[in-house]
Every structure is written in C-alpha cells, then in structure tokens.
Amino acid sequence: MSEFLIYALVAAALFAICLHGIITRRHILRKILALNMMGSAVFLLLITIAERNQVDGVADPVPHAMVLTGIVVAVSATAFALALARRYHAQTGHTELHDEDGST
Amino acid sequence: MTIDLLFDSILALTLAWLCWRVLSAPDLFKAVVLFIAFGLLMALAWVRLNAPDIALAEAAIGAGLTGALMLDAAGQMTGRSFPYFRKPEPAEQEVDHGEP
Amino acid sequence: MSLAGIWVILIPLICGLAAFAVGGRSARVIGLIGAGLTFLLSGLLVLHVWQSGVWIYQLGGWDVPLGISLRADGLSAFLIGMTGAVGLGISLYAVRYFEDEDEALTPDPSPDPSAPLRTGAGRGGTEVWLPGTSYWPLWMLLWASLNVLFLSNDIFNLYVGLELLTLASVALIILQREQAAIVAGLRYLLAAFLGSMAYLLGVALIYADAGVLDLGLLADAELTGTATQVAGGLMAVGLLLKAALFPLHFWLPAAHSSAPAPVSAALSALVVKGAFYLLIRLWFEVFESAGTVSVEQMIGALGAVAIVVGSFQAIRQARLKLMIAYSTVAQVGYLFIMIPLAGSFGDPEASWRFEAWTGGLYHALSHGFAKASMFLAAGVLLSALGHDRVWHLAGSASRFPVIYLSFGIAGMSLMGLPPSAGFVGKWLMLRSAVESGQWWWVVILLVGGLLTAGYVAIVLSQAIQHDVEEHTEPHPVPKLMTVMVFALAAMSLLLGLRAAEPLELLEIGAPFQTLMSMVED
Amino acid sequence: MDWGFWLPQIMLFSSLIPALVIFLLRDEQFWLRTSLNLGGSAVKLVLAGIMAWGVLAEGRTYEASLPFLHNQELVLRVEPLSLMLVGLSSVLWFITTIYAIGYLENSPNRTRFFGFFSLCVTATIGIALAGNLITFLIFYEMLSVVTYPLVVHRGTPAALAAGRTYLLYTLGGGVLLLLGIIWLQVLAGPVSFEPGGTIDFLLDDHRTELTVIFGLLIAGLGVKAAIVPLHRWLPEAMIAPAPVSALLHAVAVVKAGAYGIVRVVYDVYGLELSNQLNVLLPLALFAGFTIIYGSVRALGEFDLKRRLAYSTVSQVSYIALGTALLGPAATVGATVHLIHQGIMKITLFFCAGVFAEARHIHDIREMSGVGRSMPLTMSAFTLGAFGMIGVPPLAGFVSKWYLGIGSLESNAPWVIVILVASSVMNAAYFLPIVYKGWFGEPHEEIDVVEAERFQVAEAPWSLLGPALATAGISLLAGLLAAWAYSPLSLAEIVANQRMISP
Amino acid sequence: MENRDPIPDSGPIVRVLSIILGLALFGILATAVLELDVEATGLTDTVMERIGESGVDHPPTAVLLNFRAYDTWLEVAVLLLAAWGALVLRQATRLPEQPAARSPGPVLDWLVRMLIPLAIVTGVYLLWRGTDAPGGAFQAGGVIGAALLLLRLSGYRSIGLFSAAWLRGSLLAGFAGFMAIATLLFITGWTFLEYPPAWAGLIIVIVELLITWSVAVSFVALFVAARPDDSASGPVGGER
C-alpha cells in the first residue's frame, strides 16, 4: 500500500459517494456541494498522479496546472449554479428542482 | 515511512467520512461548515502530495470562497442567516417570502 | 488562409468582448459584424482543409506533448462550416428578434434621453438592462467555444472548452429570467457539470495511463489497459449526458424550449453537436481498440429508445417549442445509431463502418440546419401570435405561409425524406445497416422517420386547418426573421441535393483510412 | 451548349422556378401568377416537343448526370419510355393549369395551391426522367410530400383526415421502396434503368433476396398505383379540389406508381430475371383482383367523384397487369394505357368539376337531364366514359385490344375474362350516368338560376375548354393510333426496346 | 431544527439502486487505479527539459502560463462567463452597493482594517512569488477577492462603487489583456500564444497581474450578484 494508492483509492471513493449524493439528495444545495466535492475528488486523483510522476523530487507540473485550471472552472460553475439556485429559491420558495408541468 | 503512511491513511479516511457527512448531516449549515473543513483537509492532503501551490489555491478558492458562497446560499434557503452574513432587517424579510 | 483556424476562434471572442465592453445597442452591430466575419473565416477554414488537407497548429510553438495543438480535419471543418452557416442565420434572425424584445422592455422615453436612466433608489442605480445587449456577447462566446471544441486536439483543453460551452449556454438560457428558464438552466448546468466531472475523471485516468493528453498521440498509442477502458466509459457517459442521449436527456426539453428562440436554435442545432462530436472523436480515434460489440449495441439501443420515446413525447406535446425540443431528443437518438453501425460489429475491415460514420455526421449536419429553422419558426409564431400552443394554430398557415413551408421542409429533412440532407444521412446509415446485416437498426431508422412525420404533420395540419376561431391581428413579424427561417430550411434541402462535396470533405483525415478506398467503388 | 445535358434540367426548372417564385407572391397577384404558371407550362410543352422530336426522329438520348453521393449520381435521361410520361404530364399540365385557374380563382390560399401544384409537376417530370433508382426514389418521395398540401387544401376536418390517410399510405409505401432500393443497391451497386435489366448476375447467389426485394419495391410502388389492398387513400383523397383530383388520378400520383412498376419490371429486373423468379404471376393476380374489385366498388358509389376514384383504382391496374404479362403486345397495351387512361380520366374529372361548379352536382342521381342544359360538358363526359368502357375507336379500346392480344400471347386467357368482366362493369357504372344525363328529366329550378350565372356558355370557358380539349385528345389518340407520333407508336418503340433480349 | 432539509430525499428504491451504482463505480474505479503503473513519469521530464525557455522557474506556472497558456486563457473566459451570467441573472450592469452600511462593531472594525491591507500584501506577494515558487495569479486573486468581499460584508463601500464600465473592464481585464497580447504578437508574425523569449517573463507577469485583478473582481461579483435580494432598494432595472 503506497501513498499513491491510498489517495487514488480515496479519490475513487469520494467520487462514488458524491455520485450517490447527487442522485439521492434533492436539496439543490446538497447537489451542488456533492458536485463540488466530486471535482475535488478528481483533482485529488490528478495530484496523486502528479506525485507518482515525480522525477528527482519535482512533481509532474502538468496535472498541477490542470488542477489549478479545474479549481477555477469548478468554482465558476459552482458560483453560477448557486446564483441560479438562489434566484430560483427567491422566485418560488422551492429548494429542490421542480418543473412546472411536473415531468421528470 | 510507516508514520507517513499512517497519517496519509487517517487523512484519507477522514476525507471520505467528511464527504459522507457533508451529504448526510441533517443540518444544512453544519453540512456547509463540514464542506469547508473538507476543503481545508483536502488542501492539507495536497501539501502532503507535494503540491503546495495547488493547496494554496484550494484553501483560498475551493474552501474559502466556495464555502462563503455556500454559507450565504444556505442562509437564504433555510431562511436563517448565518450570523456573520446577517443583513439588515428589510432584506432579511424578503428572504423568507417564498418559503412554502 | 492557413491561419483561419486561429481567427475563427479569435474573431468571435474579440467581437464578443467588444460587444460586452461597449454594451447598449451598439452591441448588436458588433455582434453582427462578428457573425459575418466568423462565417467567412469558417468558410476559409473549410476551403483550406479542402485544398490542403488536415491542418495542425502547435499553440505557443510548443510541440506536443508539451503544448496544445489545434487540428482541423474534414470532420472539424465540416462541423465548423455548419456552425458558421447556422450561426450566421441565427445571428441575422436575432437582430430583429431582440430588437422586438428590447423595444417591449424599454420604458417610455424619458424626457431627457441623454440622462442615464436610473431605477431603484440611491446609488444603486443601473443602466437599463436589455436581453438583446447581453445576447450578443454571450452568443459570440458560445460560437467561439464551439469552434474551440471542434479544433482542439487536447483532451484536457476539450474539458475547458466544454465548460465554456456549458456556461455560455446556461447564461443564454436564462437571458429573459423567466422562472421556467431559470429552473431549466439550473438543471442543465448541474447535469452538464456532472458530465464534465465524469469526463475529467476520464482525462485523469488516461493521463495516468498514457502520460499524454494529445488526441493524436493517444490515438497512436492504441491503449487497451483497464484504466483506459474505464476512462473511456466515464468520458462516454459524461458526454452522453451532455449530448442528452436517452435516458440522460431529462434536462434537455425544458432547457431548449424555455430559452429565447435564437438561443433554442443554437442549443439544439449546435451545442448538442459539440458533445456528440467529441464523443465520436474519442470513440473512433482513441478508444477504437477498446470498444466492444455489446457496448456499442447498447448505446445503439439507447438511441433507438430515444427515437421512439422522444418522438412519442413530441407527438404528445401541446406546446410547439417543447415538441421541437423532444424532437431533438429523438434526433439525438438517430445520431447514436451510428455507434453500433460504425463499430466493431462483424468484419472490422468492412466499408460499411465508414458509411455509417459519414451517414451519422451528415444526419447531424442536416439536423443542425433543420432544427435551427424549426426553433426560429416557432419563435416567429410565438412572437406573432403570443403563444405556441399547437392546438391553437388553426388557420395560421395562410398568414405565415413561408414559416410553415420552412417548417415542412425542415420536417422533411428530419424525416429523412428525399430530397434533403436528412435523406443522405439516413440513406448512408440504412445502407450500412443492411450491408452489415444489422436488421434491427434498419427497422428503427425507418420507423423513426414515420414517427417524425407524425409530429410534423400534426403541426402542419393544424396550421392548414380552416380558421374557425376569430383571431386578433397577429403582431407583425420582421421580414428578415422569416427569411432566415426559410434560408436555414432551404440549406437543409440543398445539402441533400449535392452531398458529394461535403461527404468528400468528411473523408479528409477521417478514421477508417483503410476502409475508404473500398467505398469508392 | 450541350443540349443533351441541359434540356432535361431545364425541363425540371421550367416548373420548379415558377413554383418558387409563386410562393413569394400574394394571393392578389393574379396576372403575374397566371403568366408564370402558363409560361412555365408552355415552356415545358415546347421542350417536351423538342425532346420528342429529338428522340423519335433523330434517335437521340438526352442525359444529364449530376454528382450526388460518393459513387452515386443523379441521372436524368430522356428516352422513349420517359418521353411517354413527360409528354403526358406536359400536355395535361398545361390544360389542367388553365382549368385550375378558372376553378380556384376567388378561393383563398391560391398562392399556396399553385406553388405546390407546380412542385407537383416538377416531381412528376423528375420521376419520368429518372435514369436510375435513386433519382426515381427522390422524386417519388418528393411527390408524396408536395401533394399533401394539395389534398388538404380546403382545410376542413374531412380534408385533414384524408390528408392523414394519404400521408400514412404514401410515406409507408416510401419506406418499403426505400428499403427495397437500399437492399438492392447493397447487393448490386448503383442500379440504373436499362431496358432488359442490369441485375441478372445476382440470380445465382441471391435468389430469395431478389424475390423479397421485388416484393418490397412493388409494394412501395403499389401504394401510389393504388393496388388493392393499398388503395384506400385514393377514394378518400377525393375531398381535394377538382383539378387536384384530376392530376392525382390522371398524371401524377397513380401514374408515378404505375410507371415505377413498369420501370422495375422491365428496366431493373428485366424480363428474364422476372420470369425466373416467378414474381410476375402474383403481381398479375393482385392487379387482376384490383381491376375487378375497383369496378365492383365503383358500382356501389353514387358520389360522382368517388365512383370515378374507384374506376381509377380499377383502370390503373391494367398497366400493372399488362406489365406482369410480359408479352410484346401486353407491354404495348400496358404502356399505352399509361397515356390513354390519363387522358380519359382527366376528362371525366374535369367534367365532374364542371358539374360541381356550375350546377352543384356531386351525386350522380342529380345528373338527370343535365345534358340538355350542358351539352358540351356532357359530350366530353360521354367521350371519356365510352373510352373507359373501351368502345372503338376511342383510346381505351386501343389499350384493351393490345392487352387482350398480350394475354393470349402469354398464355394467360384468364386475363381476357378479367378484361371482359371489367369492361362490362365499366359499362354498368358509366352508361347509366350517360343515359340519365342525356335523356333523364332535368331539374328545372336549378337550370333557371344557374343559367343566369353564365349567360354566354353553360360553364366558364376556362373550365369547359380543358374538358373538351382532353376529350378531343382521347378521341384523336384512338383515331390516329397508327400515326408515327401517336402514343401507340411510342408504346411500340418502348416494347421493342424491351423485347430484344428474350 | 429549522435548518434541516425540509425536503425528504429520494425513496428507498432509488437509494438502494444508487448505492449499488456507487459501489459498482467505486469497484470499477478502484480496479482501474490498481491496474495503473506505480512508476511513471508523465510529462515531468518534458517540462523540466524546456522550462528554461518559458521565462519562469516554477514548473506549474510555466505550464499554466506558457506551455498550456491556451487552457489558462480559456479558463479565465469560463470565470468571466460565470460572473457575467450572474449579472445577467440580476439584469444589472453594475453591482449594488451594500445596503445601509452599519457599523460592524469596534473589534471587527479593527480586525477588518488590519486584515485588508494584510490580505492585499499577501496577494501581491503570492503573485510575485508565483514565478519561481508556489503561488500565482489564481491564489493571489482568491486572496484579494476575499479581502474585497470582507470589506463589503463589513459594511464598507467597495465594489458597488464601480461604475458599469469599471466593473466590465475589471471582469474583462484578464481575458482581454491576455488575448490582446497574444493577438498582437500573432499579428506581428509569432505563433499564437508564443512569447518572444526575451519578453516571456515580463509578459507572464503582466498577464498574471491582469488575471489576478479579474479573478478578484469576478469572485466578488459572483458573490454579490448571487444574492437575489442584496439591495434593499428593491429589484433593479428592467424588472419593474
């Protein structure tokens, strides 16, 4: 059991847990939380890979750059989703997704 | 080495547990606070993984900023403002108008 | 001309930002200039690929695998060309569409027009906000992100492109802030976010396995490891979610139908194709050796269910825009029938695989034009009649003959009736299905066409029906809008009359190089 | 300029362009629309004449092929068989246009009507000129689509219901045809129309497939040719305005089906292959049954247009029947009937339209004595009806005669029985109308009112003229059958081309 | 507890299916991870070989702003789009000022007065360090954004002071500046997103500076625009 495997496996576990959360939780905020953590799980995996790829103590910078990009993208999407969710809540009072016609 | 591995294992398990708690804690505020903790611990893990600058970004953006946004949103949606973000009265009343 | 590939990304971005920075009504002018230029540049790029073959560009001068490369082969050029033409049509339509909308929202002219209009109390005053002025920059960015997607040759960069596309789409959906649009946009955003995460996890696994991100290098590596297979699965599911293949289509109808008409048109005609394109690229280039017949057949089966369910849902809808949106669900199903046909069923060296591949893409092309025309037509009806309820359209055919003519032509293309681009796509896919002996897809393809006829005929027969009710005079519709509806429909027809050149374009740099010679005879 | 290349295309564009321009006009722009319509038809007529001259007198072929798919071209070719349908549609279109202008002026949505009307002729010409299967398919399906707005033109619930039935049948048929063509092309590569057929080489390996494909093709074509049990849309489509019915029955839709059957049997499969596959007897049986069935149903109908519709069901199957018999004379009979039936049936529909417009007569029981106040119309009707029955020397007699000879040649005497039975029934459902029309007691009160509307003639000349013209043509076609440019001579050329191989 | 989710979660069937799905996914991912080579080098060598040409010494910064600058450029566009989308949602061209400023109390006030300059200094330091050590535009932008936010939340006037043009300009700065530099160089004959080697370091610093500012303002804009009722003055333009 190496450091690489521990973190890679926990990344896998986090991803799966978050997927479960997205499917079963109906509160919008929980879904957004789950999605955000799902992103963290992927980033964790990438950073683990970077660590694995190290040469002479220098970790692979490409996954690092990917994660940095990913974090900004994730926070952008999260913040936008939150803005939408809050607007929706202010308009309807709902905290879960409803369609007007009730379909899907 | 083994101490490092032990630390890593504990950190990893804590992350998984926190993740689960964020999704299942009955109190939404608590969930968001746990989410921030999750982000900070994640940053810690990344420091362990030789990625200090990414850890910095995660702490500032992933945990801090996202956490603040989440807290604010949770405040609106539960109808109860997180103390620090309390807003003046008229605005707060408007928050509640849609609550079913 | 060899740099058209860069400009086709830069120009819409520059114009979009300029429109954003300037704001107000001049945003429209800038947006329109951007649309025209991007259209021309798309044409140049197509021409370049046509004449000189595959175009590859190392950004920043860094070779792969260090840097990111752009690549335009026949497939990219084909879709960029489609985006250019459909985009120009949508833009010209939008000029008048949002002019109308903005006028309705503009308050009565204030006594002093030079004074900035302030609303609300105190310092919090804002300029008057108009959907039209926000539309142009966002639409330019959407267009640019499509071109980014079609040109990028790096799986992580494609992830960023996908996110750009998603955010631009959502921002456009909520442009008018109607409640239905906001909930639809939110649902779409969450679904697309989930899809992106699955895709990104796939990218991570591939990078862990192969150590490169460039599509070309990945294709050469012929990866077969477990990690790659899992990555392929994750990326495929993520992209299927974004491409809205049944049963992952739940977000599509509301999102596509609640947006303003030019946005609906862009979403259904172009944005869905973005995810579809990426899936096809990955499937047939990177994961080619990892695919199995059973998985391909399963995706095809989902496509088949999508055709049936989507069409029946479309038939049931009472609102025209929802009907058209469900039609997209069904048509996306058609696109995915390509996977089992072009996949590894039967003889891997058979020419039918290439036929199915071109057929599916040609269908995507035809759907692009036809669906854009349909949504724009629905937009005309909606703004003229004030509603889009299918059962209250009686008699409107005589007031909007060109609109319904276009709707009918577009419907023909969706049905795959000759002469239309849809027919070419269907013909090639059917041929492939018959040739490979996959009869079940033949049945689905044919039945799907009849089901499509069902909902198209409902609309047309309602419209032709003799007017029994008394109607108020419809709100006048600018001519340009009608012309664009017709032009897009006509394109879906013309591309069916002369398919040889577009099909030849698709061959440039396509996978299945070994199979193409066989198709020739 | 390479006329061989351009002429067939100009032929198509001479109605396509007017159609597109007409769509842009407003309903009130009567003169512009009318001149476009008539101009287009006139150009087409002249071109048809030029091409007929070129093909028949100078032995030329006009051919245009345009790239379409990888290995597939769109081919437009003028040769004697295509010339038959081209000639028929050009002539009848010109006449029907005049009739339609008279019939529909003052009714709403004329722009739409005439636009699709011209598209319809474009599709028919395309079908006639198609030089290979895929070109045929394209125009065949185009015809299905562009006739739909004509069928539902009135917009009444009944019209919409008829339109639904029509779409269901034609699109369903189109699907079968498409499948058959694709399957065949997968086996044989691109299939073009050549007298004698081009796919003999498949016989050894793909016998069953060829049989099934033949079934698919014929079923797909049989929908438009209204072969029982695929005929139900035709009587329902009677709801359409008279000019539409006229063209649907005489030229466009049913002829497209019948022409397609002729093409498939002679020019795709060829005589020999068809014989060896034993697929013709079933076709002949279906056609024979349709002839009898249509006649019987016609006897039971009292609505004039519906009776004519069932008569069409019956008469069009003569073509299929003659084709299925495969003898030289039967071929002549089948192909010449393509033209003769068209001329005669359009006469009858024109007359039905005149009766409906001028006297509001829809039911044959109201026709009593109508011949006294409308002698010209009634004469035209009589000529058409006698032609249908097969009274010499009218056109119908010529085709029936050749069919009869053909059945003897092909050792299928049962066909004679069908022909005779059908003729007897034709007489049974046409003669009473003719008799009552001429000799029955007139309904006086209608005559007085209506006579005032058209002070000069019994009906507007734009309606009456076309009816008389087609009646005259059907008479001439019979009388001048021996002339070198008569339909019969043309049919003989067609038959000769296809009889060489066996 | 009033803070509990008021909505029941999915029913037992969905829950069980979802757990099965989650476990299956974990199993698959774990298999994939376990199958990975434990030793590999990825692109580390490739980057380290050419880092000298990039104009910076810190490998992630070199990748982010030079080797894969295209990604970063587009990523800034994503952030811009999100902020912009939030503005569309408000139908506002500028952000509302914090309503009726109230005194945050003497202690907090002092804290804020201390923290803000500290945060800004930290931000600039992070940015500066980013060329050769951990840190960079996004981290710095995050910190400075947090400072602006704090300022605002404690009742001070901050981003609400921005005129519409200022706000737009700030949001655009990173993306547009990056693009302007790249486009200018491109027009003058360089490969797109290629920097002249001598200028690479300077260009990267300029780009980072612009991105930092845009990131900071975008974050604040996202935070402020997300609150549908932030302004006590009621709905803003167009909503009447």
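Think of it as A, B, C, D and E in the order they're written, each chain with its own count starting at 1.
Keep in mind that, in the parts below, a residue touches a chain if its C-beta (ideal position, glycine included) is under 8 Å from a C-beta of that chain, and two chains touch if they have at least 3 such contacts.
Computed from a prediction, not measured in an experiment: that's the story for all the values here.
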Touching both chain D and chain E (chains): C
Farthest-lying chain, centroid of Cα atoms versus that of chain E: D
Chain pair showing more contacts of the two, A-C and A-E: A-E
Centrality ranking, top chain (CA atoms only): C
Farthest chain relative to chain B (centres taken as mean CA coordinates): D
Distance from chain B to chain A - Cα centre to Cα centre, in angstrom: 12
Averaged-CA centre spacing for the pair chain D and chain B, given as whole angstrom: 77
Centre-of-Cα separation between chain E and chain C, whole angstrom: 29
Inter-chain centre distance, chain C versus chain D - centres from mean C-alpha coordinates, in Å: 43
Residues of chain C engaged with two or more neighbouring chains: 156, 160, 163, 167, 170-171, 174, 177, 182, 201, 205, 207-208, 211
Residues of chain A touching at least two other chains: 2, 9, 13, 15, 17, 20, 25, 27-28, 30, 32, 41, 45, 49-50, 52-54, 59, 62-64, 66, 68-69, 71-73, 75-77, 79-80, 82, 84-87, 89-92, 95
Junction residues of chain B - those touching two or more other chains: 28, 53-54, 57, 61, 65, 69, 73-74, 76, 94-95, 100
Chain pairs in mutual contact under the definition given at the outset: A-B, A-C, A-E, B-E, C-D, C-E
Residue numbers on chain E that touch chain B, as the complex places them: 1-6, 58, 60, 99-100, 102, 126, 130, 133-136, 138-139, 142-143, 145-146, 149, 153, 219, 222-223, 226-232
Contacting residues of chain B [partner chain A, same complex]: 4-5, 8-9, 12-13, 15-16, 19-20, 22-23, 28, 31-32, 35, 38-39, 42, 45-46, 48-51, 53-54, 57-58, 61-62, 65-66, 69-70, 73-74, 76-77, 94-95, 97-100
Complex contacts: residues of chain A adjacent to chain C: 15, 22, 28, 31-32, 35, 38-39, 41-42, 45-46, 49, 52-53, 62-63, 66, 69-70, 73, 76-77, 80-81, 84-85, 87-88, 91-92, 97-100, 103-104
Complex interface listing, chain A residues touching chain E: 2, 4-5, 8-9, 11-13, 15-17, 19-20, 23-27, 30, 45, 49-50, 52-55, 58-66, 68-69, 71-73, 75-77, 79-80, 82-84, 86-87, 89-90, 95-96
Chain A-touching residues of chain E, taken from the complex the two chains share: 5-10, 14-15, 18-19, 21-23, 25-26, 29-30, 33-34, 36, 38-45, 47-48, 59-60, 62-64, 68, 71-72, 75-76, 78-79, 81-83, 85-86, 89, 136, 138, 215, 218-219, 222-223, 225-229
